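The letters A, B, C and D name the chains in turn, as written, and every chain counts its residues from 1.
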Amino acid sequence: MNATGRNFGSDNVTPASPEVIEAIVAANAGSLHSYGDDPYTTRLNELASTLFETEVTVFPVTTGTAANALALATLTPQYGAVYCHENAHIMTDECGAPEFFTGGAKVIGLPGADGKIVPAQLDAPLRFAADMGVHHVRPATLSLTQSTEWGTVYTPTEVGALAEAAHARGLSVHVDGARVANAIAHLGCSPAEITWKAGVDMLCLGATKNGAMAAEAVICFDRARATEFELRRKRAGHLWSKMRFLSAQLVAYLDGGLWLRNARHANAMAARLAAGLAALPGVRLVQAVEANELFVAMPDSVIESLFADGFEFYRWATPAGATGPVVRLVTAYCTTDADVDALVVAARRHADGEPAPSEGRGRHPHPC
Amino acid sequence: MNATGRNFGSDNVTPASPEVIEAIVAANAGSLHSYGDDPYTTRLNELASTLFETEVTVFPVTTGTAANALALATLTPQYGAVYCHENAHIMTDECGAPEFFTGGAKVIGLPGADGKIVPAQLDAPLRFAADMGVHHVRPATLSLTQSTEWGTVYTPTEVGALAEAAHARGLSVHVDGARVANAIAHLGCSPAEITWKAGVDMLCLGATKNGAMAAEAVICFDRARATEFELRRKRAGHLWSKMRFLSAQLVAYLDGGLWLRNARHANAMAARLAAGLAALPGVRLVQAVEANELFVAMPDSVIESLFADGFEFYRWATPAGATGPVVRLVTAYCTTDADVDALVVAARRHADGEPAPSEGRGRHPHPC
Amino acid sequence: MNATGRNFGSDNVTPASPEVIEAIVAANAGSLHSYGDDPYTTRLNELASTLFETEVTVFPVTTGTAANALALATLTPQYGAVYCHENAHIMTDECGAPEFFTGGAKVIGLPGADGKIVPAQLDAPLRFAADMGVHHVRPATLSLTQSTEWGTVYTPTEVGALAEAAHARGLSVHVDGARVANAIAHLGCSPAEITWKAGVDMLCLGATKNGAMAAEAVICFDRARATEFELRRKRAGHLWSKMRFLSAQLVAYLDGGLWLRNARHANAMAARLAAGLAALPGVRLVQAVEANELFVAMPDSVIESLFADGFEFYRWATPAGATGPVVRLVTAYCTTDADVDALVVAARRHADGEPAPSEGRGRHPHPC
Amino acid sequence: MNATGRNFGSDNVTPASPEVIEAIVAANAGSLHSYGDDPYTTRLNELASTLFETEVTVFPVTTGTAANALALATLTPQYGAVYCHENAHIMTDECGAPEFFTGGAKVIGLPGADGKIVPAQLDAPLRFAADMGVHHVRPATLSLTQSTEWGTVYTPTEVGALAEAAHARGLSVHVDGARVANAIAHLGCSPAEITWKAGVDMLCLGATKNGAMAAEAVICFDRARATEFELRRKRAGHLWSKMRFLSAQLVAYLDGGLWLRNARHANAMAARLAAGLAALPGVRLVQAVEANELFVAMPDSVIESLFADGFEFYRWATPAGATGPVVRLVTAYCTTDADVDALVVAARRHADGEPAPSEGRGRHPHPC
């Protein structure tokens, strides 16, 4: 039985759900047409259309970076601008993939509490762009992260207001949904409500962090974009020849609600961890815990002691309004009660005054 | 038990070798650091270094297009030229991936019998480029396909002469080795002899067509290129978070010689098929069968009758010097004697004069 | 008084027409809004709309490479293909500018006698692209060179047939008109007849080689493309702040028919040179002389003797069907009868058997 | 006699210095080799090497955007990061040219008082980049604007400290010197002191705003970069065929100190304007006036009244620490005492309480 053990570094340190691996094994039989002309890919499109209550085109790819960059390149011309939160993954974590795939569009970060943008923040940069005419990149796309980089969740109303503001100015709306399942689990809404019904044009539906092996589904709500997306995917080397193995993962993920069960579990573990840590002296949550990420202020001695115990997680930037060292902890679909409780017990012991270790142990350099 | 059945369209219509799937299943346990900081990736680098008899850096990616385009982009500046055979996959089949990844380098095709370039063919285009100065893209890279697009194999001597000619003019040497295992199986040489010992700077070692699920290994013989490659891979969305699942496939592929066993089998099936077909009236091999692809001239009535029987393969361009309709047939690691014999029997029946069907059935549009 | 003297290397070795320089001097007065919001640019658009008998948008840029690359990038998506003659300037002489500006589209060269493409040549490559689906770049643009790289001229009927074939397959039509004035002078048709009336979507109207200092006008017949073009031009650094100086050159060029007078003169000088040379023993025109470029087969001894005399021109590739060494000679708007006659006299002397000099003098490496 | 009249919008609304136009006229004689193989370009390299007291390679181009983007692309890999002030022209005014030319590098803006960056500001972003490894673009280049976007000037000591900090981390140093002449005029130092002696690797020496028609000189202090720059320039369509006309402008600009005389005059006019305006009630300079740009807080009624009088300038963002409406005023090499005094007189009249006009007149949308 898998568990994340002492590793709270990211939900991508996990293995895959048994259902996903079983689907891969089951797909490994006989010859099939390549490049997506196979029953798994057909089934995936049916499942996604049912789930989203509308006809969608699904493009499976392997990584969240590929999903985001391909979607943004389809929505944004070379001379365009993408607006996103200044801490968005597409801004800081993808080694310039959006710039590369678009052919040099500009990704413009906007500040915002709790990892969220609000519609009014679009006013100044879009007015500036309009004033500048051809001298400035052309506003093209609004990119939202759901759940956000700070573990919070946009409501359908919030997404709707943003999408309305964006569309009114001719911008398309992209959602980086690496953890959108966790957001939907938190909201209790339907996938349709938080996406196309709220005005989202293209969704990158993450699966890898929530139980897949390596699979993300770009959900194209507007079929007119599909052909261009297909060509861009091939050209970027993201079209698997043995596509069945990519689609099969996503079929297993969507069929029977695995995506939602996994996300609910991860969220529940985050809530359990939040409750346990918030009760400790000197420890404080610096963001609402709405999905499966926690941002926690705790004394440096506690952090270093936990590292010395072998727990893994990342030190994080201290958000505006908070003080002291902050860490990020991530739970996953396979985190167990025991995993959580072990961390809480250890943190309590250290918070209660046990002396800190003389030095911390090294941590893996990049979160995700 | 898998077999390719009646599908001779490509070696990418196959499932994965059982060993590869077992390796994926085995890797699905517990938390592991992401992005390649895992024991599978470490093991892969060791195995490849042993296999190639030199310290190499291995970059696993998912598709051959990604492997080629990333390698070419690492070797070729934006303002550079890549020289390759005019029928090379990078020229015709990758939707401009090399141009995209390099930032707009030019891929220049050279003619050549049997899918091969010879050193003298570099003379004219490189002299032209030199005469043109800054007005022409700068020659940067020679790309060879091994085995070639016409199912033939470059010998170590041939590669060595090409690499020498390339290096003498300041060009790097890339090998698109989507089917390099089949070439090595044919040559009976060591992997080192046909690559770095012959002057190859970067090799894309294919595995997907020869038993992997979705895995290609870019073998970097020059460590100085490795950092740039890493950044380009991430930026292109080709760095898996759960890298273990990509590396584990390649470990299974290299460890214990699966790659060579699979390739030998595919080649043997191609030889068996060649022997069977060549004996038929009106049927003729238009290229030497050295790896696992056959190019066969046969009467149109035979082709259409085979399609009507449910066999799958592609009509192909007729090579210089040949006449009449030509088809490509590909065998794979899991093609069986029975698969081959069924095709030969059917072809014999049709070649012996059975009337052709009134109309052919549709074929899947793209070969691979 | 300017003359080209002994330099027949290219029409870009010339100075500018006095009218153009006078226009620059006249424009050098007082403050004016920058970036094209000036009366010269307004006037240019009016003049061009009158000349082409339809409302056009004109984008002045500085070089032919910029004009072509910006036009092609506006017409061709990143994942697209541009088809052109294999000797086209955009293929061989622009250091990959089309690939750069488009973001990595593929430029595909087609063979063709006399530097011309005929509609039937599109059949095979477009069928191939269709068969290949997403694996091949998407056909997007047909680019014609007028006058051609071999000094010949497409007739309105020829352009019309090509444009019809292109449009029928969804391709746009671009004309590299670095020497289009010479073509129109030869044809005696109207600018409209040989461009939009024949189906041309975007024309790069050259002026630099025909009397301007540094000015080319991209003529956009479809206003829907204009905004994108504008953004691309700025982004490429091709939007002059003091635009008046660029527009003023083109106003001088178009107003009063300077463009046509200059082109007629250059063509007349080419005809005079052709007549003179064709009469010499061992000398032969290998292409019809329809504009201002001559391709002439002559004995090596004559070539070297002319170089020794200080004449400048380029050795050229021998076209299919011809034999022996071939040179290119270019006349210009300011070439004089005396310039031409001096060359003919010298060539006659050498052709009549005067011994060749012991060695030729160096020539400037790039033609243009 | 030229004057800027009532247009204080930008120094690019000006004509060219008579010396520059005379040089163009003088260069318009006879045939010359194209593409820079001409005596004007040779002379330019000599002049610049003398001026900078070291052997430099000079690449003339037509616009500041081209100069900056080409220089940044030569210094920055596709997967790199350029750090600059958040108000830098390369960030806001070049329609993504740096992203385009580099192939998608990221331009990262840093805050900083007075339009200046200080070395300590590099710490956090470079530490972040290091922590992120391959997930973040690789720091490559520091770009400084001299004089700054806020009309201030970096001293040699300031540049030296920044360059030292940059080089220590492996970054190259680029200077956008669209108004570097004004900076040198203010500092009274030598061109060498404020550039390569302080650690600058590549300088874009502006001339267009300071008296040229359309000419900027990229000064390459490191010859090893020169070949790459040349290829990139050609590929971007920025290599003039009749280069003499571009080089001749820069020869006129550098020879005999025109650049410095012009810049001193523009600065003196700015100082005169600053003195005049600062004495008015309710009017305040919000930045030190060190070069030829003024940033002035003034009552809205005064601004609108000046617009009604026909004066042209731009409303600007209010810098941190200031309040109320702010405008930018720019003087130029050809601004006269009378031009300045007319503006001051009008502003005094309005500031002294004359009622504001009912509505302002439209202003040209983009500053420069």
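Methods note: contacts are C-beta pairs under 8 Å (C-beta built on N, C-alpha and C of every residue); 3 or more make two chains touch, one makes a residue touch a chain.
Since the model is a prediction, treat every value here as computed from it, not as a measurement.
Here the repeat of B-D among A-C, B-C or A-B is A-C, since over half of its contact pairs match by residue number. Of the two interfaces, C-D and A-C, the higher number of touching C-beta pairs belongs to C-D.
With centres set at the average Cα position, the gap from chain C to chain D is 35 Å.
Inter-chain spacing, taken between the CA centroids of chain A and chain D, is 41 Å.
Each chain gets a centre from the mean of its Cα atoms; for chain A and chain C, those two points are 52 Å apart.
The multi-chain contact residues of chain A, meaning those touching 2 or more other chains, are 35, 78-79, 94-96, 100, 103-104, 134-135, 137, 231, 234-235, 239, 366, 368. Within the complex, the chain C residues that touch chain B are 78-79, 81, 92-96, 99-107, 128, 131-137, 365-366, 368. Chain D meets chain B in the complex at residues 35, 73, 77-79, 103-104, 134-135, 137-138, 228, 230-235, 239. Touching chain D in their complex are the following residues of chain C: 2-5, 7, 9-10, 12-16, 18, 21, 24-25, 27-35, 37, 61-70, 94-97, 100, 208-209, 213-214, 231, 234-242, 245-246, 364, 366, 368.
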